[in-house]
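Think of it as A, B, C and D in the order they're written, each chain with its own count starting at 1.
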Amino acid sequence: VRATPYLIEGLGHLSTVLVDDATGSAAVVDPRRDVDVYLDAARDAAVRITHIVETHLHNDYVSGGRELAALTGATHVIGAGAELAYEHRALRDGETFDVGGLRFTVLDTPGHTPEHVSYAVADTSRAEEPALLFTGGSLLVGAVGRTDLLGADHARAYAADQHRSLHDVLLRHEDSVAVHPTHGAGSLCAAGIAPTPWSTIGYERRNNDYLRHRDAEAFVTALLAGQPAVPSYFARMRPLNQAGATLLGGRVPEPRPLRVDEVDAAVRRDALVVDLRTPAAHAAGHIPGSLSIPAGSSFGTWLGWTVPHDRPLVLVLDDPAAWDDAVRQLLRIGHEPVLGYLRGGLRAWADAGQAVEPGASLTVAQLERTLGGSQVERPLVIDVRQPSEYDAGHVPGSVHIGAGDLPNRLAELPHDRPLVTICASGYRSSVAASLLRQAGFRDVSWVADGVPAWEACGGPIERGGATREDEREATPTGAAHAH
Amino acid sequence: VRATPYLIEGLGHLSTVLVDDATGSAAVVDPRRDVDVYLDAARDAAVRITHIVETHLHNDYVSGGRELAALTGATHVIGAGAELAYEHRALRDGETFDVGGLRFTVLDTPGHTPEHVSYAVADTSRAEEPALLFTGGSLLVGAVGRTDLLGADHARAYAADQHRSLHDVLLRHEDSVAVHPTHGAGSLCAAGIAPTPWSTIGYERRNNDYLRHRDAEAFVTALLAGQPAVPSYFARMRPLNQAGATLLGGRVPEPRPLRVDEVDAAVRRDALVVDLRTPAAHAAGHIPGSLSIPAGSSFGTWLGWTVPHDRPLVLVLDDPAAWDDAVRQLLRIGHEPVLGYLRGGLRAWADAGQAVEPGASLTVAQLERTLGGSQVERPLVIDVRQPSEYDAGHVPGSVHIGAGDLPNRLAELPHDRPLVTICASGYRSSVAASLLRQAGFRDVSWVADGVPAWEACGGPIERGGATREDEREATPTGAAHAH
Amino acid sequence: VRATPYLIEGLGHLSTVLVDDATGSAAVVDPRRDVDVYLDAARDAAVRITHIVETHLHNDYVSGGRELAALTGATHVIGAGAELAYEHRALRDGETFDVGGLRFTVLDTPGHTPEHVSYAVADTSRAEEPALLFTGGSLLVGAVGRTDLLGADHARAYAADQHRSLHDVLLRHEDSVAVHPTHGAGSLCAAGIAPTPWSTIGYERRNNDYLRHRDAEAFVTALLAGQPAVPSYFARMRPLNQAGATLLGGRVPEPRPLRVDEVDAAVRRDALVVDLRTPAAHAAGHIPGSLSIPAGSSFGTWLGWTVPHDRPLVLVLDDPAAWDDAVRQLLRIGHEPVLGYLRGGLRAWADAGQAVEPGASLTVAQLERTLGGSQVERPLVIDVRQPSEYDAGHVPGSVHIGAGDLPNRLAELPHDRPLVTICASGYRSSVAASLLRQAGFRDVSWVADGVPAWEACGGPIERGGATREDEREATPTGAAHAH
Amino acid sequence: VRATPYLIEGLGHLSTVLVDDATGSAAVVDPRRDVDVYLDAARDAAVRITHIVETHLHNDYVSGGRELAALTGATHVIGAGAELAYEHRALRDGETFDVGGLRFTVLDTPGHTPEHVSYAVADTSRAEEPALLFTGGSLLVGAVGRTDLLGADHARAYAADQHRSLHDVLLRHEDSVAVHPTHGAGSLCAAGIAPTPWSTIGYERRNNDYLRHRDAEAFVTALLAGQPAVPSYFARMRPLNQAGATLLGGRVPEPRPLRVDEVDAAVRRDALVVDLRTPAAHAAGHIPGSLSIPAGSSFGTWLGWTVPHDRPLVLVLDDPAAWDDAVRQLLRIGHEPVLGYLRGGLRAWADAGQAVEPGASLTVAQLERTLGGSQVERPLVIDVRQPSEYDAGHVPGSVHIGAGDLPNRLAELPHDRPLVTICASGYRSSVAASLLRQAGFRDVSWVADGVPAWEACGGPIERGGATREDEREATPTGAAHAH
């Protein structure tokens, strides 16, 4: 048996291809939507994917289960509570199925979601005891799946379920059993996940802080505290996964280069220009009204946070080769209308005489000088990181508004002072600055390399003061946390 | 302007991607059915395929024009006589269209087919005069497209058309104009094509034998003589290309490994096992009733000759990696029902206790000994090459029946003598031997390395005696000629 | 921390790339000689290989440690007993070193070899306790490294060491600790390794039969019994790894196509022609004097068994693309003089009038008929598998001589009877048949699909009778066991 | 025969792989230094590279001829005047050699360099007449190789040679003969090369302006006028190619990620930090003292212009994947000491508390406002393009100093006014701005999208006034012209 994890960095999503070479059979657990990676793996190993195995209805991405089943003819299995609207096999606690010589046993483990199941897998060629567990969003490496994604109403009850699932089901296994979760480092489905794709029951039993709470009440409190806020696209995922996403035929849509006049016409209709170039490039000059969401592993998450999923997009890329990754990220969050990308990039736009709007960025040295200036020109510094990051240290005098929360709190901001956004790098602050500019604020800049550079260069630091429960609910974060 | 030819070896098919970098536009001329190669090329060059350009309704492969148009949104152009049943732009002689700075002018050049057109292309950034010609099946490198593929009735009239198309249209161009044809070496659409993907008008004017016949009558006679016979699948291509092939979504179907019991069941229903392993492997042992069509560039052609296009297939492969090429070749000839391949190959079959049937091959030394043996055991040697190859030299006493013609001439063959097939390698003779075995002949073998090895080792050679006009019509050949 | 195992199938060799993403550091444990796979992995992950970690002086392959150190500047670490002749860092029991946040601790674990060490690795970002063990040739998945490779003299003493290493060092770890060995399924360094690249201490503690012997004496006996015999090239590996292999500059030598006359001249000098085509192809006809060692994962092992390492080779390939894998396998066993491959394959040879020699293969049905024939023609069936395979069931009347042992036992074989070799497929029997033919036996054939097919088709089976201790020592086996 | 051109974009370098499939032979004409592309091509086509063919001693890049000969054993041929210091075959006018069925005839065609030869190639399988010409730096597509690269002293005499080579040697060929030059669009070895890799004699005869000068004197004048200036590294290429470049073993050096402290230490010694990020990123903040040379096809050319070839470099990359292309470009211009790249990029630098220096860029709208401001703050606009570009239209009041000429003309520039550099994009102006900052100018910015955007947005344009012959000699340009 060979278990190969496939990580999507920004989403912190871990799917697994489990191969039984002796029989040439394979299962794919919790597949991503762009399934070519699994087809290639099966092809290379000359095995047949016989089962697609889902642990739960995902909240953070569009499942590729239906797509993969259509392309391979594999059986799509999921816990009975999921009630998929398309072809599948619904399984109940204790039921088993075989992938070649590998025996899967279904374990009800509600908590992260109510229909959540885990799977214990025995390699029957060696022993009847389970060799590994697929734990989905229950037991993670260094963490535990959160239970508040389906709303605050159920969060405590689900957390109690999670506690039972952990202690009464999963931790009953031997220390030696391997643990393969679906949510890895970077995922918004839990706080504090370690950057290791798999672990063992024993190692987690001893080293996972969440498992130390034998008392359910304390566990619930700990689990509900400190969770990152989630992008708005999350709300669409569960129903979409239940209904089944559009089939793609196994292909990422081809790149479509657009001429300047085509982009111009699309924008005049209803398209949004999304600028995937670096924050600095956007600051140096961009298409007026364009949104800065730089390429990188958080691109999809931030787009899913800030743009309605049916808004047609035109992309501005540093390099046409960036198309593939960008469109994959959009597919994974279910954003499908992408008209194309601006051929020749911003230079083609400028050379055609179209307006280019400057943004502005500051180094920490420049920020320091500005803050020392006269009252009139002194900017309002907006820290757009997570509350917990702000609490841990921020520029004195800066206010805290999470980047994703900005659209809801524009009324609080002054139009007669320069605004400066700051984060931990320049990613979230660039997104925030472009949101502010879209909202009509004129004098907006962001700080390159953000608070860490400020601190490293000896700037004064103030601590605490941001985290209020109400705020936490509304603050975007997460995948972009690393930036 | 960059013209990049893409060759399919067995079919001798040349398509061209023509790129105008200045405007980021590209045209694809006479695309193959599996179009990923063009999508990849456009992606790498960051250009948009704006036009799909067809010179004629192809007789030898399924066009990828419709597929490529669906995936890219490009305009599909073809001569007005083609009357496609799906979306396209029909063009008349003298009409022009632009691919960026490249101006295409349509030239009626009937002959190879009645609706055939060529395209003269000017690079307007340099000059108004044409820089290159797409000549499809009219002027080829070292040859000229045959005119008898739509039946003997029209062959002479079409040949006269071809003569006019060459001399009154194409050869009117400057010596310097590049010539990019669609049929290259290996194609059955002409005899004697040189293995160079493109040429120039002047070089062909001086060195292409067919162009020396200024007299139409002599040209017609020369063109109709010596053409290779064609596989039976050719007859389906023209109507299929007119109606439009099934869309594939840009993906070659995934490999489907089948268990021994699944293969067994499929065969009991209606599937044919096609053995793509080497002739020697088939001779050493094979699934009873399986047809030997070894992998390689002629695979599709031979399968299209010998198997009805709606017969479900199970493939036996040396290596699962052979799936991709085999299925592409099948798609190109329009053979779509492929159930999968036997996982584990023949050894899995044998280990499961299924019957394995031996074939037999002889070295030329063994053949020599056998022929010197007693009258009783002396085999009938059947030379399955082209008549022209047989005429040029064969084993004394061997009779000539082209491999593809065998099914029609079984009644001529004795059941009480060993049969030995021979060709120029072991490819066609292995196919022929497996056809004979399928037809109930018991003692059949084939000669490894064939007549060239026989001759090289000093075996006696007899010349002449095979070519009769009636026979020519019925003899398969062509792509497999090289073997 | 991410641990990615890299398997070489035929050798059953597992190396591991261990990455600490937080610091961008990586270690490679027990690298293969063709190191491009590690360079590519480091490049893709944008990490620096800072350490090359060896568990012992390998007996079964040429280490890539020196090569990788030269190309990356990484530190090459190994147990102090190894005494490498080139630059390295020698480590003693209990010493530690860090690869980013990963702490390696050296554990003396002699047994498989006297200088053997294991490494316990803690992910200090989570805990001080070890998360995983690199166990090299000590504790394997489902097995234990053998101790008789350095000669029978030390085998028992080393086995006692191994027992102590297992129980006093490795099994002292928690059940949850992951176990990453260097020898995997297919390796000749142990018997009975499971086809799973890694396991855990607890799972092995309960399910690994070798660990049940708490009594040292019983363990020693069990470990020394039933080990496969080893190819002769093994003897060269330890000194070669100690001295350091030739540097390759990170590149597999380019394929060198040779003309027929060049091959002919090379053979007249001193080159050996090795035929990598299928057994069936070799049987149908081959270059006289050529050795049949079909391509596949056992190619290198069999060549290392049957050919002196300084004999210049010319390869005959089914496909030029087979060059790369063949030459990698040769590099891994330290066979460097490869002149090139025959361009155009056997057909070019035959067409040039060079002699082609036939071999012969039989289906099990043909074998059955032959065995039922008259005494005169009745062949001697030689079963060339492992003694244990022969014992488990063979064709009645067949004698047992392992394929690799054949050269030493030619005197036992009759020249006046047909010889038929048989194995479990057609791989070892084809190698054996070509060895016999090289040795002057005229009438030699081998049985396609071997004993399993014989049994599956209802042939009678006799059991027992082969295993004698003296014989065991001399019988080749191993990687080829699977065939 | 198949001729496949390989283009290096920035250098405008065209090498050709010429394959004769019938014999499996190939020649590589004027190979680049990183030769893996040719090895891969030969491997894929299963042919042997038998000849490496050089037309002249190159001035613009390091030849890969020696490297390729070492890796393949091919014969390295070049005109007798080249006098290579390493193994080769020197050929005289009229001598011939065969690559399979392709006959090469040497033609002395001095002019671009004194030892320059061309090669006429006949495909003897079709005709004795040449089918194509390799014209190196003599006849190009739409242009003719310049003759002033070896110094002004010989330029006129060499130009007269070139005229004779064109009219008395090359144009004597038939119109139909294909022309494959070594210098393509983007090359500094000529002005006005068309972006088409190959042409024909007839097309060039009619459409190449340089060929219209039947009068030698007029040709010489036309050829010497309007040539772009050349980077300083050119001077090293001819002697280096004569002496032979260091062998690389076929591998581009591995990426070496460096920690912040390692970069810091290297800079304190003698290393130069080269920032390959976008101009905007450099403007937003960069390592003090670093040089901005953005990645892209002109990177090597600009580095070869501005940095001594033995200066150790540390690269700052947007993405570690940019390493490969950057190092290839450095190898091609013979810049070998590259220490590594800054792991984690500028953010790691900033987070470690190292100083980050801002640059500044302006949009054309910002430039307009600044120019309209008070005299005191009004910047000096420096147009760093080619003289010919400046003449064709520039911002009123801007002065002309080519980017590469800046280091020699610093004394002319004021320290008490802001300096603004402008080019046609932001590439050359960013390089120039970073050179000025290195030289101690404090207030330096550059204009995003440059003069084309200025003009497109309605800014006033002034024409003429820059081109003076003395200036032309010293102005960098060329590959970067397109930016």
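We adopt the following convention: a contact is a pair of C-beta atoms (placed from the backbone, for glycine too) under 8 Å apart; a residue touches a chain by one contact, two chains touch by 3 or more.
No experiment lies behind these values; they were computed from the predicted model shown.
Engineer: Weigh A-D against A-B on C-beta contact pairs and write down the one with more.
Structural biologist: Most C-beta pairs in contact, of the two: A-D.
Engineer: So which of C-D, B-C or B-D is the twin of A-C, meaning more than half of its contact pairs are the same residue numbers?
Structural biologist: Matching pair: B-D.
Engineer: Could you put a whole-Å number on the gap between the CA centroids of chain A and chain D?
Structural biologist: 43
Engineer: In whole angstrom, what separates the CA-based centres of chain A and chain B?
Structural biologist: 50
Engineer: Quick one: which residues in chain D touch 2 or more of the other chains?
Structural biologist: Chain D, residues with two or more chain partners: not present.
Engineer: Quick check: in the complex, which residue numbers of chain B touch chain A?
Structural biologist: 24, 39, 42-43, 46-48, 71-73, 249-251, 254-257, 320-321, 323, 343-344
Engineer: Flag every residue of chain B that touches chain D in the complex, lowest number first.
Structural biologist: On the chain B side, the touching residues are 1-2, 21-22, 123, 125-127, 129, 131, 142, 174-178, 194-197, 199-203, 205-207.
Engineer: For the complex, give me every residue of chain C touching chain B.
Structural biologist: Contacts found on chain C: 277-285, 318, 346-347, 350-358, 361-366, 425-426, 448-449, 452-453, 456-458.
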